[in-house]
Amino acid sequence: MGITWVTDWIRQSARVISEHRVELITLDREIGDGDHGENLDRGFTAVMAKLDDLPPNSVPGDALKLVATTLISTVGGASGPLLGTAYLKAAGAVGKEPELDGAAIVALLTAARDGVVLRGKAEVGDKTMIDSWSPAVDAATAALAEGKNEVQILQAAADAAEAGAESTEPLIARKGRASYLGERAIGHRDPGSQSSALLIRAAADTAAADESVVA
Amino acid sequence: MGITWVTDWIRQSARVISEHRVELITLDREIGDGDHGENLDRGFTAVMAKLDDLPPNSVPGDALKLVATTLISTVGGASGPLLGTAYLKAAGAVGKEPELDGAAIVALLTAARDGVVLRGKAEVGDKTMIDSWSPAVDAATAALAEGKNEVQILQAAADAAEAGAESTEPLIARKGRASYLGERAIGHRDPGSQSSALLIRAAADTAAADESVVA
Amino acid sequence: MKKLINDPKNVVAEAVAGISAAHGDLVTVFYDPIYIVRKDAPISGKVGLVSGGGGGHEPLHGGFVGFGMLDAAVPGPIFTSPTPDPILAATKAVDGGAGVLHIVKNYTGDVLNFETAADLASADGIEVRTVIVDDDVAVKDSLYTAGRRGVAGTVLVEKIAGAAAERGADLDAVTAVATKVNAQTRTLGIALTAPTVPHAGEPSFTLADDEIEIGIGIHGEPGRERIKLEPADAIVDRMLAPILEDLPFASGDSVLLFVNGMGGTPLVELYIVFRRAAEVLAEQGITVTRTLVGNFVTSLEMQGASITVLKLDDELTELWDAPVQTAALRWGR
Amino acid sequence: MKKLINDPKNVVAEAVAGISAAHGDLVTVFYDPIYIVRKDAPISGKVGLVSGGGGGHEPLHGGFVGFGMLDAAVPGPIFTSPTPDPILAATKAVDGGAGVLHIVKNYTGDVLNFETAADLASADGIEVRTVIVDDDVAVKDSLYTAGRRGVAGTVLVEKIAGAAAERGADLDAVTAVATKVNAQTRTLGIALTAPTVPHAGEPSFTLADDEIEIGIGIHGEPGRERIKLEPADAIVDRMLAPILEDLPFASGDSVLLFVNGMGGTPLVELYIVFRRAAEVLAEQGITVTRTLVGNFVTSLEMQGASITVLKLDDELTELWDAPVQTAALRWGR
């Protein structure tokens, strides 16, 4: 999978974030400050405005770096630098490769997750986006070991990320704004874990669509 | 009628104002600033606290003067100086007389009304307490001319004051806070006309009660 | 009703106790009756400035007592003008032998109670003048009505007259400059929500979620007109139109632009209002040379704002710039 | 949602335009990206002070830019920390060669975005230090959490560090005094109502008519606890208890007592709160030697208040008293 998939993924990301803007705002209003959907929507809208300027012979890493720098300079809040670093590290992991195989996809996801941890210092169970990213990385790694193809690897990651987002509901938060709430955060899904699951699902969906076009 | 009637009247005034406190606040909230009931209740509560200190051989004028100075120094707002002046002028009108006949009652009411006009410059139809006081004075004057007794004179005054208060409802106000509302004051009764009607009714009721005790 | 208060009857007494605790370096607070006096009053030979009116408009008037502004403030109960007693006591407390100016917002109650106090003070040999502030263009003025209300413009009158008094102007001159400021000041206010008077316990009026009141006073009186909520810029345009028409502000004039919050409106919104108001004045060729933004003349927790425009000249500008040191307005020292 | 705004997306941009129109003598406003810089910046040889964070807390931080306080403020969108770009631009704009101090409220977003900006500024050869403000005792502190929030105490850090920088202290010294103020400051906030973020359009949380939130932040985050409304004095007692326990304020200490309004609470209520807070401190033998009352660190139109206590010594008192000339805090000039 190459630049077409990555740009499709990015476009699809912008679409799902915009569609789920209100849902993410609502989740964040419950245990945060009510801006998460607005923040990401502002970021991905800015990404879309820049995507067409990407030079024709760009590789996946170039597109990921564009997302990274744009999110960092437009999102703000906690999610801006965290997701920005995720894409930045993902771009670094895939380097100048024009085509990404299963191993490269796993490296991309792993680097993204590690980027978030590097900046945010959260662990699984802290009720943050890490609760989506880490299971996704684990599932992708397992799928690769089982010899699955790129689409299957991303689908496994997306399934795990969605389960991970759901798994944040009963938790007390230890990072981010929800941590101020103590026990009152219980019963609410972490907005960042939800948006990350949406982004990873977008990766899987666009990979499957590209595949079927190619096939 | 002498000091007993006046002090009964004052006590009954305090009672009815306290009973109608919320009603007067509500009327004032609709076309004023919502404090009229609170203002008069504060004033008459202060009057009650001082009434027992009135020397034993006081005449009606002394009690009326006590009401005047106490209202002036405790009510504030527009109604404080206006009603205060009314009682002050009423006290002046009855002078040192120990017993008030029908003519003295009419002089008392007339002086009270004139006191309010002196300070507030309102005319009948301006949607103020004058719309109660002036008809009351007119009715009392007519009743005296017809040879009615003190109780009947005060009852005629009270009936007219109540009708006068009701007559303010369709009016546009030209004085007081309600004048800021223009046409929006239409349909609301002026709170000051209502409280004045209550005070004049209290005069009639206590006169009747005293009479029946005497009789 | 949700308020940070104790007994509704004690709101004003406890608030002035808070003013005393917070600003004891500037003012002395008296409690029975309640009035607030500048720490170093009376100042011999200086004209004393006294203002007052119902409580619930803080920082007006207590927050403006101090060097270069008021010598005393007399707060009545919430939205109820004070009785003559504390006005008289305050007048006596600040008389330095050069006479006292009463600055009175034009409400029947304030006018009558200050009138009585002035009579009593005169009887005690204190020369008292009175300036009635009536800057509110929302109210039709006429000989046959109570006339225009005094609203946010009061702060400008108090500041400028206070500066004149501080620099030694005599009673005539201080009265003249206060009169001039009032004559050159126009205000219009609007409300998004109603205030709740503590002893009443219910909002003074009810507005639907998409309604606002235009031409509101500062006592929870309903305004002249109720309209649907509009964008801030449209509301500002509506507010400025009658102000600019009423006092023939002309292209080339210099003005002080004052955007006042009603107590419950956050500063971020006041700045949005200010931005548009400055834009409109610029379009008319009117130069904003002095500015004031904030919650200065409030109506409890009411959400809303007023816009005040004062036509400046060199005299007024210089007096505005003169040092002032009060709890709510301070510069130059 | 009822607000004096135009398009919710333009709230911050239009508000800073209003700040520019109202306070153009003190600050210069940049729009793309948005940041506010002291008129005479950069000042050669002076340590530059930059703070910032989400909008909606006005006058924080833009109202504190000027002589003796901040050199620049960087407002993000409402309740959203700014991105590194404007922080970097502001840092460059105020660097006078003596280094720049970032004053950052402890929120993950603020910390991360300022961190990135500091890295980029260092790469450009500017020496940057960061002080994280975390004065909120409502939040349990621990290595394993996001830690305490930075709330109203931020104003005190900005004022005192600003005074130190103004009198020529070097970057180490300014950082040290800012760190000290933060270490000696404790705050607790409560809310009677929730704010409504413009782009969200609905209140951040819902409170019944007789409920209040204890331990609230400044972003519409719900507090730690919801209780029934109580008289103001009881609420103040509840607020002060954890403050006084947390920092062992001792009998004989001198403190600055700061009662801050959340934006929608009128001053009259803040004074009632102040009165009781001063009373409680006096009972504990703690002397209030400096005071601040008003809406300084707000949360849009939220009704509520916070109480901040700062333990003073001669150094901090002197720096607090030093002249300051900003839109929202001014004395001594």
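Think of it as A, B, C and D in the order they're written, each chain with its own count starting at 1.
Here is the rule we use: a residue touches a chain if its C-beta (ideal position, glycine included) is under 8 Å from a C-beta of that chain, and two chains touch if they have at least 3 such contacts.
Values in this document were obtained by computation on a predicted structure and should not be read as measured data.
Trainee: Just to check the components: without chain D, which chains are still in contact with one another, directly or through others?
Mentor: Without chain D in the graph, we get A | B, C.
Trainee: Taking each chain's centre as the mean of its CA atoms, how far is chain A from chain D in angstrom?
Mentor: Chain A and chain D have C-alpha centres separated by 33 Å.
Trainee: Taking each chain's centre as the mean of its CA atoms, how far is chain A from chain B in angstrom?
Mentor: Spacing between the chain centres: roughly 77 Å.
Trainee: Just the number, please: Cα centre separation of chain B and chain D in whole Å.
Mentor: Distance between chain centres: 55 Å.
Trainee: Approximately how many whole Å separate the CA-defined centres of chain C and chain D?
Mentor: Here chain C and chain D have centroids separated by 29 Å.
Trainee: Touch graph of the chains shown: is it line, ring, star, complete or other?
Mentor: line
Trainee: Please list each pair of chains that are touching.
Mentor: Pairs of chains that touch one another: A-D, B-C, C-D.
Trainee: List the residues on chain C that touch chain B in their complex, please.
Mentor: Chain C residues touching chain B: 54, 76-85, 107-109, 112-113, 115-116, 138-140, 144-146, 149, 197, 199-200, 202, 204-205, 217, 219-222, 224.
Trainee: With touch defined as at the start, can you tell me which chain D residues reach chain C in the complex?
Mentor: 2-7, 11-12, 14-19, 21-23, 55-56, 58-59, 63, 192-193, 209-210, 212, 229, 231-233, 235, 259, 263-275, 278-279, 288, 291, 293, 295, 298, 300-301, 303, 305, 325, 327, 330-333
Trainee: Under the stated contact criterion, what part of chain A meets chain D in this complex?
Mentor: Residues 25, 29, 31-35, 38-39, 42, 72-82, 119-120, 174-177, 179-182, 184.
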